[in-house]
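Consider the two complexes below, in which subunit A is the common component and subunit B and subunit C are the respective partners.
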Partner chain A sequence: MGGLSGNATALRVTVAILILLAFVPLLHSGYDENLGRSVLMFATLSFGWNILGGYTGYVSFGNVVFFGIGTYTSAALWQHWHQQSIPLAIGCAVVVAVAFAIVLGIPILRLRGHYFAIATLGIALATEEIVANIDWLGAGSGQAVRPLEAFSSYYFAMWAVCAASMLVTYLITRSKLGYAFVAIRENEEAAAVLGVDATRYKVIAWAISAAMAAAAGAVFAGANGFIDPPTAFATDDNVFPIVMALLGGVGTVAGPLIGALILTAINETLWSHFPQIHTLFFGAVIVLVVLFLPRGLLWLMNTRGGWRGVVAAFGAYRL
Partner chain B sequence: MSDAGPEPTRRTFLSIDNVAMYFGGLHALDGVSFEVERGAVLGLIGPNGSGKTTLMNVVSGVLKPTSGNVRFGGRRIADVPVYAVCRLGIARTFQVVKPFANLSVRENVAVGAMYGRNGSRRSARASFDRAQELLEIVGLARIAERFASELTVPDRKRLEVAKALVLDPEVLLLDEVMAGLNATEVDAALDLLRTINQRGTTLIVVEHVMKAIVSISTSVVVLAEGKKIAEGAPAEVLASPRVIEAYLGARYVKRQRQRETDA
Partner chain C sequence: MELFAQDLVNGILAGGIFAVVALGFSLVWGIMNIINLAHGAYIMMGAYTSYVLFSTWHLDPFLSLPLAFGLLYFFGYGVQRFVINYVVRAPLLTPFLLTFGLSLLIVNVALFIFHGDTKGITTQYSGSNISIGTVTIAWTKLWTLVVALIITTGMQAFLTASRTGRAIRAMALDIDAAQLAGVRVSHLYAVVYGLGAGLAGAAGVLISLSYSLQPSMGDPFVITAFVCCVLGGLGTVQGALVGGLLYGVLEAFGSQYVGTGLQDAVALVVLLLVLIIRPRGILGKATA
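After this line comes the complex of A and B, so read on.
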């Protein structure tokens, strides 16, 4: 039982790492704190992507929309109502994002496979363009979000959002809901014949996914102090979480955080050593992951496949 | 499952009313009608491409018919979505089995226990217990922890039956569950189907193994090119020249008649 959570040891180790991450602000290093918050933010986005992409099998290239909605909710709260409470921003961002996910999800989630992926990409591009033309949201020039006095509040808020996302993922894998998601991923028609209302559960998966991304966006806006369309709908925030889930392990609880840690580490190292061409190396890493670890590191630790799977993948490409 | 006692019902249990299913110019089903009584075992036969699987898809809600309807317990169900048809009490197996490859055998069946009929009242744990009971009935309990992708073909067929049975169906549609089984396995499968039927489940069986159809069916419907060409008691229907013609061709029947008159 409990077959949806992934490897139990890996999960325990990841929880331990997450707990350690809570103490980063005690180092009193601005660099470490920013880096740590970035890891937590990407992990949260990756947890969100994983609910729909990893567990339900619907690959979205548009989750940054909900991150953007979160940042703009936070910015609007400050600009128009002078509210800067982080819990309030997270709460409002989640409500707005879930509403959008339901409205967009009902038509879009009828599409499958590549068509769904392309539709989500279209939504991401369109949303950025629409927001850039809304004066109330600062249009193309963006909006300031006044930071709180105690800057580390944003770190702890991001940590809490990340931990909550991981906890929610874990609880889903232990519940009936998780089995509805996975049944849809494995075979949507067979799932429907067993009584799973696929449309309903896909929309629920997308709404949960959106809530996580929006919560991360709400905290990011405050920490960043300024929001404009290219920041709120950044390509990095769209693509990195997907690669992180792929690297760590799609459809596992621990995968996104492990992926976020490893990828951030690689990215930082490459950036500091090869500032001009680090994106090239980074691209190569992504290609290698997709070729040889298509389901991520955590799947190597499962009973099947194991390291032999990697060797087989190498063999298949005659390397 | 209710006691099998025949209830004095005025309305038909399950009826197929003038169902047509067109795929572009292809008439996969063309005005098919028949009725199924509660507790019956209906054998549905016909040559390849005669529309048997299409009819299964229409009855289970996977396909919406071009015209006509299916009535179940007095309700028209052609427009009811698949997941809801299942909750009304119609379950099916797929001819091309569709296991959830990355889930264990028990998890595969548990999904049906969670979301099928009576599923809303079951917790995740209770669903796993219920799944285990079904695995014992179909003989897969020993390998409940294996991934579905690791099963042999006969075991995949068993898993398919367990996934349908866990839905507590009133009507069970079986699409070639015996294909690829050897003689002993066919006998075991027939015993299982008889047990299921005696517990009150109505069966509609699509099968190419004629021995199986004759031994288990209370009545038989024959399809050919999307039309119903015969209906009745198994032995009678299988002896009818029209059915033989559909299976073996007009020339065979003519030669057969020639031989009979010669003799």
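After this line comes the complex of A and C, so read on.
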């Protein structure tokens, strides 16, 4: 192992944690189950962001748009056709989101760097505004989604989506696809000269990214029971996954889940102890992560030279 | 036709504010390649400075503008010198998230101090208008546009004529060569960021005259600033001015002819079209 998959030990530990997470609803229902589902949801969103942002190096700041599309697909299935099936919701959400990603991706993925980041942010904001004006989707007041009787199904569905996202990420890093993505990240022109069809691979990466976020959204809608534009396109769901990937390690298989676990734990603790100013602390957490761990926890594990290497790593991006 | 003229005038008047909003953002982005997501937080700080000075000492907002500029300049200088400079060479995601975190931090400190309720500034001249034909112009907005034009002209003069301004432009062209020629890069980076924050503060004061105040008021202006930069072209004073005025007119027509709930969507669709068709902006050079 190793190579594009990242640190092998970290990967084994993460798989073990993921397996343990599957048993949460059997031991604790209620609060712990909701918390666990939230970890799995953020991990899935972070896996999704990491495919494009971590491997191809295209930093998206609007991936929440696919999460939103997923939630609304699920909500529309209940509102208009009275369908509650989770697999159906996930399937439809993925199809809609992938179609959206391909249509938008072909023009948008020509942009690079900051322009791509802001264009994606613009898409997320514009989509939210447009959805808030569509009566068929409940416009600004939102839509109710009736949850299933067996509520833990949503937990297991989210677990399955998360596990599938991690597996897909792992398989990509072990395939030609992963090398094509990384080649684009390292030097897009050189990759193109070597015969990598950059546009095609970027669109593929974005579509995979979109599918993961949409699947998470489809499950979230049922579990949440209600969807309106601010819930479906929440800033938290947009930014947390990026910070999680950064904390764990951008462009690693294990990073997103590790980041999601740690940050959800921090966020939940702050929320229960300092409900008034917890966003303030969260801002501070982001600043500290970016300043002291700009390459993530997993990267530190690979640092050579013991503590000196770690200290040297902190100043690597100084002016 | 009357409606058209009124919309055009309203758009240009609002565009003056947008130009100042975009100017600081454009400098920071164009010279240091940092997308400053905390720009909106500095706008909010400027607006609250004006509010505090007005409610405590009845200081006219136009007079508190230089104070807000100075205060935010030193704040921004410190932020760049002691925080952002440490990660400024990292891939673009890092500074991007850092400024986002800073913005969360500042906005929530403001929320803690001033609470979430909306505040406003009502001066003696707040309600007065002048009419030219069928078009009505609020005095406040007219003066705001005049001050905005003074600020942009002053900034242009500073960048072209002063020693520091020339050093900044040299640094934007080639940072290594500038450093070899004796430019103190870490100091100048802080100066540029300070100017960006100061201009955001000045924009905040102008905004406080016509919009209501609350701690997250600045956030939408980050997108506005970005759209203006892309429309006008990056890193130049003229680009920010043209982009700001154009965006103002666009938004005024968007809310009139497409729908009030959708003017942001209209602006963003235009942004995407410009990015795809002419990514260097209207006044931008070919090798941006």
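Here is the rule we go by: the second predicted complex is superposed on the first by the 301 of 319 C-alpha atoms of A that agree within 3 Å, B and C clash if a C-alpha of one lies under 4 Å from a C-alpha of the other, contacts with A are read in each partner's own complex, and residues count from 1 in each chain.
Criterion: contacts are C-beta pairs under 8 Å (C-beta built on N, C-alpha and C of every residue); 3 or more make two chains touch, one makes a residue touch a chain.
Because the structure is predicted, anything quoted here is derived from the model rather than measured.
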Superposed on subunit A, are subunit B and subunit C clashing or fitting side by side?
fit
Counting only touches as set out at the top, which of subunit B and subunit C does A:Pro107 meet: first, second, both, neither?
second
Put simply, what angle do subunit B and subunit C open at subunit A, by C-alpha centres, to the nearest 10°?
80
Using the touch definition from the top, say if A:Asn133 reaches subunit B (first), subunit C (second), both or neither.
second
Looking at A:Tyr179, would you say it contacts subunit B, subunit C, both, or neither? Reply first, second, both or neither.
first
Going by the contact rule set out at the top, does A:Ala265 touch subunit B (first), subunit C (second), both, or neither?
neither
Kindly classify A:Ile19 by the partners it touches after superposition: subunit B alone (first), subunit C alone (second), both, or neither?
neither
When the two structures are overlaid on chain A, which partner does A:Ala192 contact: first (subunit B), second (subunit C), both, or neither?
first
Of subunit C and subunit B, partner touching more subunit A residues
C
Subunit B and subunit C, minimum CA distance [Å, superposed model]
8
Would you mind listing the overlap between the subunit B footprint and the subunit C footprint on subunit A?
none
Residue ranges of subunit A in contact with subunit B within the complex:
1, 3, 174-176, 179-180, 182-183, 186-187, 189-198, 304
Per the contact definition, I'd like the list of subunit A residues that touch subunit C in the complex.
53, 57, 59, 61, 107-108, 110-111, 113-115, 117-119, 121-123, 125-126, 129-130, 132-133, 239, 242-243, 246, 250, 276-277, 279-280, 282-287, 290-291, 294, 315-319
Contact residues on subunit C for subunit A in the complex?
29, 33, 35, 83, 85-94, 96-98, 100-109, 111-112, 185-186, 189, 223, 226-227, 230, 259, 261-262, 264-265, 268-269, 271-272, 275-276, 279
Given the complex with subunit A, which residues does subunit B contribute to the contact?
60, 62, 81-84, 86-87, 91-92, 94, 98-104, 107, 110-112, 114-117, 119, 123-124, 127-128, 147, 163, 167
